[in-house]
Amino acid sequence: MSHHGELSPADFLPLEAENQGELITRPSLSYWQDAWRRLKKNVRALISLYLIAALALFTLVGPIAWNVDPTLQDLNQISQAPSLPKLATLVENHIPWTPPVDPALPAIPSEIADQVDPVSAFRLAETASTQAVRLLWDGLSTAGGYNIYRNESKPEGFNDLGLPLISITAGNQIGYEDRLSLKAITYYYSIVPSDGFDEYDQFTSIKVEPVLAISIREAMERNILGPAQDAAIGSAITLEFHPFGTDYLGRDMLARLMEGARVSLFIGIVAPFIYVSIGILYGGFAGYFGNRIDQLLMRFADFVVALPFLLFMILFKIAFGIGPGESGIFPMLLALVLLLWPATARLVRGQVLQIREQGYIEAARILGGKPRYLILRHIIPNTMGVILVTLTFAVPSAIFTEAFLSFIGMGVAPPTPSWGSMCNEGVKTMLSHPHELFFPALFISITVLAFNLLGDGLTEALDARMRSRE
Amino acid sequence: MTANILEVTNLSVEFETFGGTVQAVRGVSFAVEAGKTLAIVGESGCGKSVTVQSVMGIIPMPPGKITSGSAKVKGEEILGLTAIEANRYRGVEIGMIFQDPMTSLNPSMTIGNQIAETLVVHRGKSHSEALAMAIKLLDRTHIPEASKRARQYPFEFSGGMLQRAMIAQSLACNPSLLIADEPTTALDVTIQEQILELLTELQRTEGMSILLITHDLAVVARMADQVAVMYAGQIIERGSLDDIFYRSAHPYTLGLKSAMPSNTGRGDKRLQPIPGSPPDLFSPPQGCGYAARCPQAMQICKRKLPVLTEDPGDSGHLSRCWLQHKDAPDVEELYQPLKLKGTSSAH
Amino acid sequence: MLSYITKRLVAGLITVWFIATATFIAMHLVPGDPLMNQKAVSAEIRLNLERKYGLDKPVVEQYFIFLGNMLTGDFGISYTQQNRKVNDIIKDHFPVSATLGILAIFFATLGGILWGAITAVYKNRLPDIIIMFLVILGISVPSFVFAALGQLLLVNLNQLVGQSVLPVAGWGTFSHMLMPSMVLGLSTMALLTRLMRSSMLDVVNEDYIKTAKAKGLSPLRIFFRHQLRNAILPVITVLGPQIAAITTGGFVVELVFAIPGLGRYFVQAVQQLDYTVIMGTTVFYGSFLVLMVILVDIVYGFIDPRVRLQ
């Protein structure tokens, strides 16, 4: 047996008993340590944890860092898309303008002409600003009035003159002041002469680009005026910064999102916490005592489960009513708790029934374990995993419910913002100002995503643990 | 020497897992002779099931990976074939039955259809022809009211009946080899006996070979012509039934035997469990895998892996133990509790 | 089987009673009273109205009248639409919601099974990663956002092509139904995809798949005859509850796409506090959902032999 190599007699001395067979080479971990270790290895779960931490920061620290009143309206920047801070020209306080009248012309022409010339010299009276656009034109002796339109694109024909601003019924009026929610964009103003009632088929257009302007009074009211010596008329001052833009009432989106986060996350976290707790007590009670009590309690839970959830959410919302000035957060919380506890109760009861039959409970009982000890030491720790997963998945569903109800106008009452009610407002201006829908929807999605991923990660971590123990 | 139906040489299988690579099978060689039964015996996790499932090509790959070795059916290499190529012998040349008949049959398909499927696929029979043959097969495995039973679903069968149906299914194409992976483990003792009886009977009438995987030495004694003992992914002893039972050369085989109850022993004989547990196959020990549990372990055992050597006085009986080395001391002088020579001289 | 169905139906009936009672109680908890919205009612008219709607009777009596009417399938008359029966409202608007829902379920089931099967086959490879990312998106984005996006998509599509490819809102033809039903089915599809994927992966590890391989069946045959069929079974069980989710999700889609369905009508009724319509619709929807869950269970029984024969 040369292939064994050279062996000395010492090789054949007996081996000391080291009891290596019993040696466990890998470190032993507790249930939660192991679950935590697995969770940390799950990249998606880890990302979700960071996301949740970021959301908590946004909600709690955000309002301190971004100290803007979410109810304050910035009328210069209504439905403003996210942008860098804007400069505005400081102008005099607005003084109403009396439109000029050409005394040489009749207010009403003596006879109605079949045809008239187009209006000529359609022009600006002064530099157009977002405070006011003042238009002038040469009057027509044959016209009985003028219709003024405004459009955001160049009109190609009679059909797209745009927004009708006014019907002037005096042929000698030769000016008009437009102050209707002006923005610093390009407008096309068109003028159509009329006989006082019907339009002639002539129109004249001009292109107007108002400059962003703010009056001294507004600037002082909103406290954005710099040092006094700079505050000369015509100087440029910086307007409020809205990193996420503003909504249709000119309120700062970021501040509202933070305020909305408090409402949405409050409902999303507190409601599940309450109803899962109730579910644990109810289900644990039923499961532990079993038999008749269990039958009775669970039959009732079955009924509550069968209630069509969202319909009853709406019903309860009306039933609990919202008084004037209330936000409606509490009725929603109550409705959620009333309708959602049975799911957890069923789950916990099932778990308890299952665990009760396990050998280790029997063993502990035989060794003299009292019910209190059995519940605290064995049943609760062994249901914690499942409960934690339920709780994690309950958060996104509660947030969804809040958003859904607020979206159909059954949720949190304005002016209190929640992400759902912000979506509701945003969807109305979706086509022209998509950011008003985008941001609250994004926040809902990120939150739901984070909790869903965390739930998945937890399930996998705890599941794998269960499986490897079998 | 008789023709070998199946020859496996130096087969090694690894599994990539979360915690690292498991070397589940480490260089296993054996052969099944025509019309004979080879039993592979060993405790759970020793790699015996992985060995035969690798031969059949039904281990999931990945994570599984055959790192070396060859398996020949009637001289034809079958490892490394594509699924389509492998189907020339799977179900045709080799039939297979599994440990748990309750979960090994498709729950949403009738028993008859599942057996007929094999015939439709491999023999090109029409569905009705195949079904008629399936009923005959059920009949041959002694399932009463076969035509009625063929229309039933697995959950309507008892465990023993299901295993009979499994056997019927594996016999559909008259294979020359039946692999039975722990065929009786999940069954009641009385049913076990019936299934073994059926297997013996079918082997006699069909003349097929059986490769039997089991951890039960009683089943080995009842069925096997040849025996291979596996431990920690390796065959540590191989030989005829008598070699293994009466001339055991490896301390592990002896350990297994003393852990087995017998009805011939005197009343004072106590079962001797083997202390400890098998080594972690994530990092197999450098030396003999059994060294840590072996009462006869020597210094060399821990350092160096012994090779499979043939007993010079007993042809065909191989073992993997340093005690077989010419320089090794006589076991009797080393330790009292196991009387190796005493046991072997009893025969 | 028959006794099973009877048992389920009886239990369902009791559930419907519970739903009706809960609805009645909830409605009577509402502060103020149903006639508050009525414009300028004099005391006399008010009394007449109370008599007309039976509000002058004690609550317990009202409850029994309500139950009795329900048994005969009569939900009363709308408060806000003069002399329009709640039954007629349901009859007019429910078929629209049902059509929308059925289409949505169809899209969701088909898509869920298809995508789920694909992800399982390509586990941890690119198609799986892409689809599962979309699934996570489908589960995390609220349905009204999808509805809004769907509409936006149609607007842009029509603008791009220069003519109306698919109508942006309204109801009537199949082209009206396409986008709303897909939007409505989206979150259910995402859920079913996930479920189908895990179900497929469970089945792959089943012993009978090993048996099928050992029998020498082709991978394609194993996939279709053994894996797919068994994987679909657990997916079907969640369809019942999902029908409920789709029904309520329909509210939003009906609102956004201006579809004259019962959901939109219900929201409107709630805003106007139209009591009889709210109660009638709730009880109707509740019973419908209870029936659906029973129906799905029975259908499941026909598909899964283990349930069928027990």
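Per-chain numbering from 1; labels A, B and C assigned in written order.
The rule is simple: a residue touches a chain if its C-beta (ideal position, glycine included) is under 8 Å from a C-beta of that chain, and two chains touch if they have at least 3 such contacts.
As the structure is a computational prediction, the values presented were derived from the model and not from experiment.
Visitor: If each protein chain is taken as a node and each touching pair as an edge, is the resulting graph a line, ring, star, complete or other?
Guide: complete
Visitor: Suppose every chain is reduced to the average of its Cα atoms; which one is closest to the average of all protein Cα atoms?
Guide: The chain sitting closest to the overall C-alpha centre is C.
Visitor: When the C-alpha atoms of subunit A and subunit B are each averaged to a single point, how far apart are the two points in Å?
Guide: 63
Visitor: How many angstrom lie between the centres of subunit A and subunit C, each centre taken as the mean Cα position?
Guide: Here subunit A and subunit C have centroids separated by 25 Å.
Visitor: Per the centroid of Cα atoms for each chain, what is the distance between subunit B and subunit C, given in Å?
Guide: Subunit B and subunit C have C-alpha centres separated by 54 Å.
Visitor: Subunit C: which residues touch two or more other chains?
Guide: none
Visitor: Residue numbers of subunit B touching subunit C in their complex, please.
Guide: Spelled out, the residues of subunit B in touch with subunit C are 53, 56-58, 60, 83-84, 86-92, 94-96, 98, 100, 103-109, 117-118, 121-122, 153, 155-156, 166, 169-170.
Visitor: Mind listing the subunit A positions that touch subunit C in their complex?
Guide: It comes out as residues 302-303, 306-312, 314-316, 318-321, 396, 400, 403-404, 407-410, 420, 423, 427, 430-431, 434, 437, 441, 444-446, 448-449, 452-453.
Visitor: Residues of subunit C touching subunit B in their complex?
Guide: 204-208, 210-219, 221, 225-226, 229-230, 233, 304-306, 309
Visitor: If you look only at subunit C, which of its residues touch subunit A in the complex?
Guide: Interface residues on the subunit C side: 14-15, 18-19, 22-23, 26-27, 29-31, 136-137, 139-145, 148, 151-152, 155, 244, 247-248, 251-252, 255-256, 266-267, 270-271, 273, 278, 281-282, 285-286, 289-290.
Visitor: Enumerate the contact residues on subunit A facing subunit B in the complex.
Guide: Subunit A reaches subunit B through residues 1, 3-4, 7, 9-15, 18-23, 25-26.
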